[in-house]
Structure formats: C-alpha cells, structure tokens
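The two complexes that follow have chain A in common; it is paired with chain B in the first and with chain C in the second.
Let's look at the complex of A and B:
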C-alpha cells in the first residue's frame, strides 16, 4: 500500500474509533437490561433450558412414555444418565406359553454434575420422553448431592401438579 | 518546643504537609476511581454495576480494600526479594509525581523548575516495577507481561516525550506552573488548539504508559491470566492497583497542565483547583470510556502504531512548532 492509501486508512480507522465511542456513550445512558437478582427475578423463565427431565407421556399422561431402550444413556457423552430397569414377568393367561418379559423404567438416575446440557439424550429419544426443564434454582452444597432420580421427580410433579 | 520548630526549614514543612495531603488523596482517589470505573463499565454494558454495599454500592471498594488487606500474602518460589520490592517500587514514586503538580495558583507541594522532567523521569520507574514483578513471579505469564510492558514503555515514551517537548519549546520552560501561566482562562487560549496533534499523541501515549486498555498488554486477562500481577495476592496486588489508578490521575494532570490550561478557567483564581480537578477527572472518565469501548490491540499493532505513526507524527509536530516559534 502506498503512503496515501495508508493515511486514508488511518483516518478511516480513527473515524471508526469515534463511532465506537459514540455507541458506548449512548449505551451508558440507556436503561439497564439486567435486574437486581435476589429482589427481582426475570419473567421469562419459560425460555430457560435447564437440566434434563422426563416429560409426562403423550400416551401415558400419568407416567412416562419411556420404553427403556437405553438410547439416552448410550448417547450421553458424559455418561451422566443411568437407566435402571425393572424386569417383570407378564402374567400370561396361557400357561402353555413362556411368560413374556416386560421391562419397566424403575429409575432414571441423572448426575447433573457431569451433564453438559448438550441435548443428545433429548434429540435421540425415540418416543420424546425427555426434555429440558425450566428448573433454574437447583443448587446443592456438595457435588455428590447434585443427582436426581428423574422418575421420582416426574411422579412428584404429577402428584403436586406443579412444574418446578 | 517553639525554638525547635525554628530550626526546621519552612520549605521542608511545606513539602511535608503537601506529602501528607497527597498520600491521603492517593488513597481516597484509588477507592473512588475503582468505584467509578466499575460503574462506568456497568452503565456502558447496561448493568447497574456495584449496588449492594452501601447506598448505590458506594462502600463496595472500601469493602474490597479491607478484603485485600486481610488476605494472606503468598509468594511463589521465585526471587522473593524482587517479588516484594516490585509493588513497593510501583507505588513509591507516586507521591513524588503528585508533589510537582500545581493544583491551583500556588497550590503545589514542590514547585520544581524542572517539574516536567521530574514527572517524566519518575513515572518511568513504573516499568522497572513491572519488570521486577514479572521476573520475581517465576511464572511464564508474568514474565511475558513484563517483557511486553518494557517494550511497550520504550516504544511509547518517545512520542510522549516528543509531544511534551513541543509544548516546552513553545513556552520555553519546564516548570509546570509557568506552563500553566502561559495559557489563558478560556478554552481557545489553551495549548490544545495550537498543538492538536501533540494533544492527541499525548492522550494515546498516556493510555499506553498507564497500561490501560486498549494497550493493557502487560496484564492482558484473556492471554496472560493477569500478566505481571498474576502471582500477587492481598496488598501486593492492591499496591499495583493503587499505582495504576494514581498514575491515571498523574498523566491526566500533566495533560491538563500542558494542553488544557491547568487550573485556569473562567471565574476567580482561588477556585482554580475546581477547574483543575474537573478537567483531570474528565480526562480520567475519557480513559475509562475508551477502556470499555475498544478491544485490546495485538502486539505488532501496538508497536506499529508507535513506530510507524506516532513517532513520525510527533517529529513533524515538533518541526512545525519549532518553525512557528522561530517565525
């Protein structure tokens, strides 16, 4: 670049600096967009994607649609989901046939301390039994306490009717 | 008792009173400027800033200072002597710098006839402090910060001195109060209009000399964790912090004296110190505004700005001033 071009470039650069100062100068006098947290809270918590949770089923509104395939646990890069299966023998009216095994979801242990909220479990669930909660305020004093049985949480939610 | 006082030279008492006032000012100024800096940062980013301690959070920095004093002083396995000399060396020259600054008419602790040289020489000690801090920390980030600070200071002292030299060439004196006297009470009688280039060059170099963003490479948080003061805890860090905010006031004061008419302003001369502080804190606010607007420059850009633009420009400025003075 020749000298003339460099000088033009420098003057343009200086002008852009002035523009930037103007932007921040105007922003300094605009109203604040944050809230004083403990006294006020934001009103759009529904847009928050928190930890993974079991959703009430579309087919089974009093429980989960989970078919205990274990896809969520297999796809989890952090290994924070543990599907605990309850195997039951079906009461078969026909005693000649072999009794059929049915698998039920006993517990879905979720370790939040390892979860990176990547959503692989939610995306890969074949029956859309998993989702993200709006649970913002989950905090514990010890790392080993930040675990949860999602099945128990779902039943608690259905019982109290609250979305927490 | 009374007879003993007569043996103490009056000049010494004058300096002593000035020194006490200056030390008090440095402490209060540090507390206030940290608060203002955080508030400015908050408002520019549309947050409230410190809010919880005291009304509007004005006691926040006091609480921070108490916390800093209560912290354990931890030294790494480097050279412990150099490590602890560095923060003291960063802080020690500051009272001397303030002493030569005329705040109002006759309101100066030590009106040296080479006051400008005194300030420029002793503010250079800051680089030595950063260098020692980086070396004594025994830590690669700190050492990189120290290396950066030295080359930055070498690059930016030159255009700064050249810009200052142009003013002294015009006024023919190095005494700060005489430079103020050479300017009038109204803004169009100040030196910033006769030397706009020198004024802007001085402002840029002042940012670089005080290691303020966008030239805060010695303490670049995102690259060097905290640069030269990574290893400092408690008041070791506190002294560096105090030194940074005090040197901001010093460079703004020198800028005010050289280019913005010092304590001169419309109104009675006795109220000159109000004008002086208004101008100084206006410049300090400008430095904060700049900090929260611009991203940090890269190291080659930093040196390019100095060697390829500021030094030739300030040389031309000097030539222009010399020509104007001669004619």
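Let's look at the complex of A and C:
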C-alpha cells in the first residue's frame, strides 16, 4: 500500500471511531437502565415461576385438594417430592360395617436443591393441587436448609393470609 | 527436562513428551480463563508469541446427559434439554421433542408450531446477543455487552412471560407447548422487533464498522470451506465459510417452509465473516418473528390427543433442528419400553471446537482468543 492509501485508511479508521464515540455520547444522556440491586429491586420478576407450592383447594379452601395419589412424586425427574401419607380410620355411621380407611396428606417434603422447575408435577396433578409460587428470592447458606414441607407452608400462608 | 521433574497433570505431560524442544513454552488457557466462557481448557505450545500447537481438553463439564436419557422416561428427560446449551435452550427442547413426536407420530397443532417458531427465534436472538457481547469482551471492548444485555433483558422478560423461566427453558411438550401465549406477549414481541430494528444499525455504527475490531477480526482464523466440511462444522461457522447450509431450509421442519427469510452467507472465511453471519441472522430472526406473529392462527396450543405417557414403538429416529451454533441432532433408539434404549445428542459446538487445533496453529496467541470467540462455543454443549 502506498502512502496515500495509508493516509486514507487512517482517516477512515478515525472516522469509524468517531461514529462509535457518537453513539456512546448519545447514550450517555439517556436515562439509566440498571438499578442498584440491594437498594432497589426489579419488578419484571412477577411472571417468573418460582418453586413448587401447594395451592389452596377449590373444594377445600382451608387446606389442599390433594388426594395423595403420588403422581407428582412418581413423575418428578429428580425425586425431589416426598408424599408422606397419614392413614386414619374414620368411624362409619353404620356400626355393623368396618371403619373406613381414609388417607390424608401429612406432609409434602420438597427438596428445592434438586428441583429443575420443569413443571411435570404441576401438569400431571389430577386435581391441580400444585402450582408455581412467586417466591423467587429463596436462597440458603446450607444445602440442607433448602427443603421445606409444602403442607406446613400452605397452612402458614392461609393463617397469615399472605404470600410468604 | 526429564519426566520426573514435570509438574503438570496427565494431559500436560503427554503433550510435552510428545514433542520436546528447547525454547518452547507450554501454557494452559483455562479451565478457568476469562476468555473461554466456561471450563474449556486449551493446552498451547508457544514459540515466542506464536502458537505451534494447540489442543483442547474437554470433559470438565460432563454431566452424562446421554446416559440420563437411557434411565429416565421420555417426559422426565425434558428438563435436561434446557441444560445442554443454556444459551439456545429452546432449540434443544425442540430437537428432543421433535424426535419423540416423529417417533410416536404425534400431531402438533398449527398454533403450537407458530408459537415454537416465535419463541425459538427469540431465543436465537438472545443467544447471538450474548455471543456478540462476550466476543467483544474477549477482544477487550467492555461497553458492547452492556447494550446487548439491555436488549436481551427485554427478550428474556418476554420469554419468561410464557415459559416461566429466564434461561434454562423447559417449554415445549409432546404435542404442543406448555402454556399459551398471551396478548401481552404478542404486543411485547412486536415492540421488541421494532426495538431490534433500531438497535442493529446502532450496533453496526458502534462496533461492526469499528476500525480496531476489524483489525482484530479480518483475515484472522481463515477457515477454508474444505476444512470446515472435513470437521463437520455447521451453523454460522460453516456459513461464514461460504456454504449455504441451514437446517431450516435444507431439511425443513415445522412451518419454516411457509416463512420468508434468507440464509446469510459470507465467504471471506475469517472471524469477521462469522461475525457478520451472526449479526445478519439476528435481522433474519426478527423478520421471521414478525411474519410468524402475523400468521399466528387461533386454536389449540396443545394437541388434545397428546399422550400423557409415552411408550413409542420399536425403532429409531433422527431429528435435526438449527440451533444458534449449528445443527442440533437427536437420535433415539426405542426398544418399545418407557425409556429409550439409546439417546445420542449431536451438538454443533463439539464439531466446531474440533477444528480449533488446526485453525490456531501458527497464529498469535491474541488471535487465538479471537478465533475461539468467533466459533461461539458453549462448553456444556461440548461435554453434554
């Protein structure tokens, strides 16, 4: 390349840098798009599906509709749900017949450290007793602590009347 | 230097024993190196500033996805697909779901096909934006990643609206998609397309025309077409070498034949050419999304007869889709039970990485970083 060509290229290169700086200059006077995280939080997280939760039942508003079928635990790819059943003997009004055996959900142990939020439990639940929560900032220091009993959580929520 | 005095690990020792010469320096790029985007390790033999040999060492992120496919049922394997390639997770979702649908002959409603096209192309834009920012970060430009993440944030918010997650999506289902798209999503996506049309020329002014970037990319990492073919490179790497090959056109699937879009091809074969392909692909993706939104029909988003439990007939099936990095192929052999007999994932990054050893030979170390970036590697996808 001769001298003339090099000068032309240098000028073109400088011009391209000036154009880029112009873009930066324009954006320098636009409003800030980031937030200072711990002091402010973003609001676009509302549609995020957090961990799995038990929903208040449509038939049983003070508890859950769960029929203890165990479909959620069977379909889970990582085995993070454990359905603990409480078997009760209900007195039959007819004293001649045997007492009826009923199953109740005692606890639904949920291990969040294994959950990949795929939604297989939510989709396969025959009574729509499970859903995704909006509790998205759940974090613990120890892996052992990132477990919870979903039944206890539901009762806590119903008692206080707000989302935990 | 005798073997006993070497303090490297197995790979380094083998690499050094292979060719011992005075005045050569062996360095490790990675596994924890800011320019490798993950735990990729490249052992490099240098003579001065020039690379005489380079060898990628992989396996630091191996998670046995293929083995997991053999022990999990077809439904249970779905969340794995979002983790293979976290940047273009929906393409992997599609590759797996599509292959099972082909095996079981499940009909997909038309609306679901369009939703898949829209979300997959959105995800492709996200993937290319992350690459764009990270590649320029490798080359020493910090600002562009801020702009690209600003745009990506909007796309990710929109995808979060329908999929419920922000990165590792698990959205497609056998016979449709998990949730229907809302009006807010459709409106938001139109706005996003308008935004991208404004932003892409800005990207050109800010970065593509930049003299310093051009010097770092032009005539660096020249990959002849014959070599790209030999290594089985696909996606933007192959299209950057002048081959017009795109799975969406060459092995059409879903509703892509009805959509009007071009396959960007650049035949300079260098890093800049691969860069231009990806930027042009973002434009084309915006075009596809706009068309698909206009054509989005009413109807079911999930086939009413979609089986709850998958038990496919005996046989094998191969299904390929176009991912952000190239051809994603899923090969399933079914023995008629509820789990696959064998599941093979063909990942584009693996083929694209394999040509790095030959491509980097004889280049400067700083250029090797540029070449590695221009291949757009996603390490989890290489190891699977």
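Note that the second predicted complex is superposed on the first by the 128 of 164 C-alpha atoms of A that agree within 3 Å, B and C clash if a C-alpha of one lies under 4 Å from a C-alpha of the other, contacts with A are read in each partner's own complex, and residues count from 1 in each chain.
Criterion: contacts are C-beta pairs under 8 Å (C-beta built on N, C-alpha and C of every residue); 3 or more make two chains touch, one makes a residue touch a chain.
None of these values were measured; they are calculated from a predicted model.
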Partner chain(s) touched by A:133 [first = chain B, second = chain C, both, neither]: neither
Chain A residues touched by each partner, larger count belonging to chain B or chain C: C
Which of chain B and chain C A:16 touches, first, second, both or neither: second
Contacts of A:117 with chain B and chain C, given as first, second, both or neither: second
Touched partner set for A:48, first chain B, second chain C, both or neither: second
First, second, both or neither for A:32, with chain B first and chain C second: first
Chain B versus chain C as contact partner of A:64, first or second or both or neither: neither
Contact residues of chain A, present in both the chain B and the chain C interface: 17, 20, 23-24, 27, 33
Chain C-facing residues of chain A, complex: 12-14, 16-17, 19-20, 22-24, 27, 33, 44, 47-49, 75-77, 116-120, 123-124, 132
Chain A partner contacts - residues on chain C that touch it in the complex: 72, 75-80, 82-83, 143, 147, 150, 153, 157, 160-161, 164-166, 168, 170, 173, 178, 202, 205-207, 209-212, 308
Footprint of chain A on chain B - complex, ascending: 40, 43-48, 51, 289-290, 292-294, 309
Residue ranges of chain A touching chain B (in the complex, touch as defined): 10, 17, 20-21, 23-25, 27-34, 36
